[in-house]
Amino acid sequence: MVDSVFMAELSWPEFAAKVKEGVIVFLPLGATEQHGPHMAMNVDVVLPTAVCERVARNVGGIVAPPVPYGYKSQPRSGGGEGFPGTTSLDAHTFSLVVRDVIRSLGHDGVRNLVVVIGHFENAWPSVEGVHLALRELRRDGIDDMQVMRLEYWDFVGRDTLDTLFPDGFPGTDLEHASLLETSLMLLLRPELVDMSKVPTDGPARFPTYDRYPVPEGFVPASGVLARAQGASAEKGRLLLDDHVARITKAVASEFGRPETGV
Amino acid sequence: MVDSVFMAELSWPEFAAKVKEGVIVFLPLGATEQHGPHMAMNVDVVLPTAVCERVARNVGGIVAPPVPYGYKSQPRSGGGEGFPGTTSLDAHTFSLVVRDVIRSLGHDGVRNLVVVIGHFENAWPSVEGVHLALRELRRDGIDDMQVMRLEYWDFVGRDTLDTLFPDGFPGTDLEHASLLETSLMLLLRPELVDMSKVPTDGPARFPTYDRYPVPEGFVPASGVLARAQGASAEKGRLLLDDHVARITKAVASEFGRPETGV
Amino acid sequence: MVDSVFMAELSWPEFAAKVKEGVIVFLPLGATEQHGPHMAMNVDVVLPTAVCERVARNVGGIVAPPVPYGYKSQPRSGGGEGFPGTTSLDAHTFSLVVRDVIRSLGHDGVRNLVVVIGHFENAWPSVEGVHLALRELRRDGIDDMQVMRLEYWDFVGRDTLDTLFPDGFPGTDLEHASLLETSLMLLLRPELVDMSKVPTDGPARFPTYDRYPVPEGFVPASGVLARAQGASAEKGRLLLDDHVARITKAVASEFGRPETGV
Amino acid sequence: MVDSVFMAELSWPEFAAKVKEGVIVFLPLGATEQHGPHMAMNVDVVLPTAVCERVARNVGGIVAPPVPYGYKSQPRSGGGEGFPGTTSLDAHTFSLVVRDVIRSLGHDGVRNLVVVIGHFENAWPSVEGVHLALRELRRDGIDDMQVMRLEYWDFVGRDTLDTLFPDGFPGTDLEHASLLETSLMLLLRPELVDMSKVPTDGPARFPTYDRYPVPEGFVPASGVLARAQGASAEKGRLLLDDHVARITKAVASEFGRPETGV
Amino acid sequence: MVDSVFMAELSWPEFAAKVKEGVIVFLPLGATEQHGPHMAMNVDVVLPTAVCERVARNVGGIVAPPVPYGYKSQPRSGGGEGFPGTTSLDAHTFSLVVRDVIRSLGHDGVRNLVVVIGHFENAWPSVEGVHLALRELRRDGIDDMQVMRLEYWDFVGRDTLDTLFPDGFPGTDLEHASLLETSLMLLLRPELVDMSKVPTDGPARFPTYDRYPVPEGFVPASGVLARAQGASAEKGRLLLDDHVARITKAVASEFGRPETGV
Amino acid sequence: MVDSVFMAELSWPEFAAKVKEGVIVFLPLGATEQHGPHMAMNVDVVLPTAVCERVARNVGGIVAPPVPYGYKSQPRSGGGEGFPGTTSLDAHTFSLVVRDVIRSLGHDGVRNLVVVIGHFENAWPSVEGVHLALRELRRDGIDDMQVMRLEYWDFVGRDTLDTLFPDGFPGTDLEHASLLETSLMLLLRPELVDMSKVPTDGPARFPTYDRYPVPEGFVPASGVLARAQGASAEKGRLLLDDHVARITKAVASEFGRPETGV
């Protein structure tokens, strides 16, 4: 059998052995969400899973099955639920999923967990899910589970951004289906990107508030919030390496592990 | 971009176009669950997804992202939650996930859905999820969504079973990590099976009732409930072909489609 | 006051005294559901309660009030919710009822519980209810409650079935409002059966999948899934005796009690 | 088959026929709760069911299966959850049960419903259950269901109370397991009352507030809050007749029916 | 900074110091509800908060922020949800709010809590909220929190009522927006009362049951259930003094504190 | 009676009249949360309410009662739940409160609503609450409610920030109990600020991830995340004016109202 970095590819005794050794488990929280006319809808699963896979190799960890359905897309960060294909969970549902998975891992003996957000809107419901899980685990007599929770895109250096955006980084908020995600997908799953379909109707110009129901024209018709032009696999490589190195460093440091793979 | 049978690999306009044409969407409901010392824990995701993929090709459908965490494993059907690695959701959580995904698909315009169970314990909470989704969709003014819900292993001919079990089919109940699932995995993901580790402590001899807490020795220590000896990729091929042909036939018939791929 | 086998007919000090002695409590989980034009709708309450009453006498136990509303009837096992009179709970509601009753009994000191299913669809939500109750009781410091959970109809010998079905037992699945249940009702509550109204539109011929919304004609119009012709009180007696003897044996064995009444 | 006043004793076509004629359905909401050392724990089921049965006969109605588990007993009205045998539901659970049953009846075509409280603590969670059911039914397109909700003990004349309590009626609040309930049980189920065990430790002297956790001595050790001495079947008859006549009158008036049986 | 009796006006170290000394925390549970054409809709917040403030000063306690939205108004006690401006929570929501606030206070170290109801309909859902909070706190290892729960209007002497109602007190039930509440508001927030708008369409004459949907004319059109004529600040003073003195006495006694301020 | 800008100070007919005229309702969502040793814990209620009050006057709107308990404080934005006095709701509870209040307002006829966040952590659960409310209102036949949702602190000009932070604005993230909030409190409730207690242990230096349980020293012991030194009422005035002017402009524009008060 493969000695896989993916938890789901292990047999249960293999998993049990790793847990006994204190393995770090990575849990990617993704989404099925429109990412423009030029990319597939699995971007928020592919990217955090790829990051987790690489970091896990570096620190001797394993990657739990990514949650493929995320919290509801919001107009100002992901285009909103109006786009066909964006398939989402209510916040309560999503938080319960996170709670149940973490609680179950905790009962299995996992004590070191890294929750990795791949979809902007998952951030807060995942916080709640972690809270609920740790609260229940404490009631079950388990109070020594250590959890990190992070958005992978926050792990990037100023220099990397300066290289990628010579005219200035427009900010994370609009980076939906735009240069960063597109570059990473060109690197990781190029067959799921069609640069000829990159739209030109962005960038979005959002006000500093939400509007419900979402008014006509509030979101670019393409679903791309910033600009994807200029994306390339090379940029994706630069970005991915930075993400992986920085997250590896943080995880290794927090859990007292060597960064074997870096 | 690939013209994929997987919904998550489509761009949203590609998905929208298929929905407009009345595409049949397949939703595999899997689990992360121990499947003996000789197999990976993703059996209940791999198998229904493989079935869905093939049936979807036959009827021009697409496969939504499989739900990778299932309802809690039960001792008499999957060994129970006591095995490390079995990572599960409460029934309410699982039903809400099914409800939310179907509701979201319904709002996207999907009108033909096949829910495919890959994990025995998902059966009933998925029934509830479908009920809740259709109830809510009706309240949202959508009352023409058609849903089939099936366990893929029920689609098998007597002749196939007779061939696979010359000494008589022991029944679906104990077929956890046993000959059928192992054969299918040998066909589909042979690198995730290690036949040298097939245990010999089965088959389980369960009483006709549940016991909580699960008594010592109630479940075979290996987690394999029947027997996996004699599994082979050839048997997996026979089985898979039967599953796919029969489900294709049923789906095509129910939704009035030609069985183009069979 | 009567020295009743029914918990609800005891005064609280009588109940407290029995609990102190380690009484086994039986909890029947029934339903209010159509059972054909020839029977009353309380079949799924009457039958498990009768079984529990007799087994409880045998092992010195008591019977808690039966839950009279069950989980939603399904087309392939009970005709579905479309029949007037079938009055049901959502899965979450039903599981919470089971959780709360068991938790409350646990706090009263009950340590030996037998949950007896009288309605097919209650099986899985009752599993969840038991799980939730034991989880909460553990958090409340009570970890020694022992629970059996069973469907009474599973406790029957091959010889009994052969006697009742000389042409072969069609299987439990379709035994809704059919020969077994009708025979038991003829024995126990003959005034609630009218054999002249036994329908002839069965047996149902279901596919191996669910369909929602339920198509016209999917379920026999009568609500009887197999055949009730030939039912008799004598057959009911044979069946009931078998159920009671076998369940008595299992319960006595599991809880280390003599089978005083058998 | 019997032409029963109890819904559960009807076949589904009999029920359907009654519904088509606009039958009034009575839903008793009971409890399993201590009622002193001299009475069984089913008082709150027996009494409202008996009232419903008689009123239903008077107005041509039927009685749905009583809910046998109620909302948690409170110290100042029922002694509290500390008494063994008191077996209760959380408020949310209880309200969901009421919601589901009423919603299910509404979908069956029932348009005239009388919810009858037999357990003081059920009052408010039943209000919520009715609200939730009618809200959902409206969303399902059913907006013409008429519901009455009442506590049966409120239907009594001043003259009856003066006869029963020549020294003055102490008020409903403490009438738990006391003269009124005991008299009614002596009339209806005398075998479940043992007047020799009527305690003398009451009446309770509660402050005008709740205390949690319940302090030692807050509730009379017997669980009887007022006094049961002097209870008799004759008093029960007087009381029951008054309840039945007054509720019949109210129901008949509200639903525009003749009081055929009075 | 002010040495405030209001918790929200303290800094966290000031609060922490008081908690360490065993401070009694008062939690007013109010509502936003119609109170007739002559009064503002904050009556059920203003009155319990004023009572809490005064009692807290007497016993050295502090007042937590009042919950400003209550459980749904009922026709027979508050006019019902049909009045514009009555803005309410479902029972489950309200109970969760009470649970969460108490649980959070318990984790902060608060051990003496007085929950003060200012809105009739909050009574039962607050009972549930207290139950849920104490249950969870026990699971978190905190079992020494003492809670009183009271309706402020129950703390009044017969002599006070005789003075206020020379013709006899009509009972608490109809005292919505009527003489008592109006007098208290005239004392505390006279600018929010306009006696010229006191309606004359009351008192309500309710039957002894609820009706849903609420029939036309069931509730006085003004929303005032009894009579507000004759209300005065003097009467309010008499009433408030009685409430405060009696609650102070009860709280001081229960928590073993001197009544310093009385 | 006062012609108040606060909804709770209106009588119901006054409120009904305003609703009929299409009044804009502002709903502040606050918290009870530590804000350093130098400020009271009601900052997140006082500030958004003050903003709402002023904007409401400008556009002829009214302010609904602020929700005083918010979603759980997070270490990196508010110091976390570990500080005594921080008293919070679970996400599900908070979202249900927002849902219920908006649904109730919608049924009252309110069609123009502005949800104003005063506590960083309320952002996402309020999004969910708005979603749930609008979903339910649509099912109730109300589909024309317009909602804006905003964080008041996002409405500030670059010039204002440059004036307040001559050395550069450190960003919103750490602005908890720091210069901005302190200045606003000095303007609005100076008696609740004690500048002599402004701590010097900040600013916090957070990593780009969460850690659970929160490690020792992760959060500054004072609870102040950035710096409050230099706060002044003058700065508060500048800031408040900017907030009010910009929000007024946005609201007036979105709802097509004149900015009468600006």
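Per-chain residue numbering starts at 1, and chain names A, B, C, D, E and F are given in the order in which the chains are listed.
Heads up, the rule we're going with is that a contact is a pair of C-beta atoms (placed from the backbone, for glycine too) under 8 Å apart; a residue touches a chain by one contact, two chains touch by 3 or more.
This one's a predicted model, so the numbers in the text were calculated from it and none came from an experiment.
Under the touch definition stated at the top, chain D and chain F share these contacting partners: B, E.
Chain geometry summary: the mean Cα position of chain A and that of chain D are 55 Å apart.
Distance from the chain C centre to the chain D centre is 26 Å, each centre being the mean of its Cα atoms. Between the Cα centres of chain A and chain E there is a gap of 47 Å. The residues of chain F that reach two or more other chains are 90, 92, 139, listed in rising order.
Under the touch rule stated earlier, the contacting chain pairs are A-B, A-C, A-E, A-F, B-C, B-D, B-F, C-D, C-E, D-E, D-F, E-F. Interface residues of chain E facing chain A in the complex, by the touch rule stated above, are 139-140. Residues 1-2, 4, 7-13, 15-16, 19, 32, 34-42, 45, 64-69, 81, 83-90, 92-93, 96-97, 99-101, 104-105, 107-109, 191-194, 197, 223 of chain E are the ones that touch chain F when the two sit in their complex.
Across the interface of their complex, chain D is touched by residues 138-139 of chain B.
On the side of chain E, the complex with chain D involves touching residues 72, 74, 90-92, 95, 121, 123-125, 127-128, 130-132, 134, 143, 146-151, 154-155, 207-213, 250, 254.
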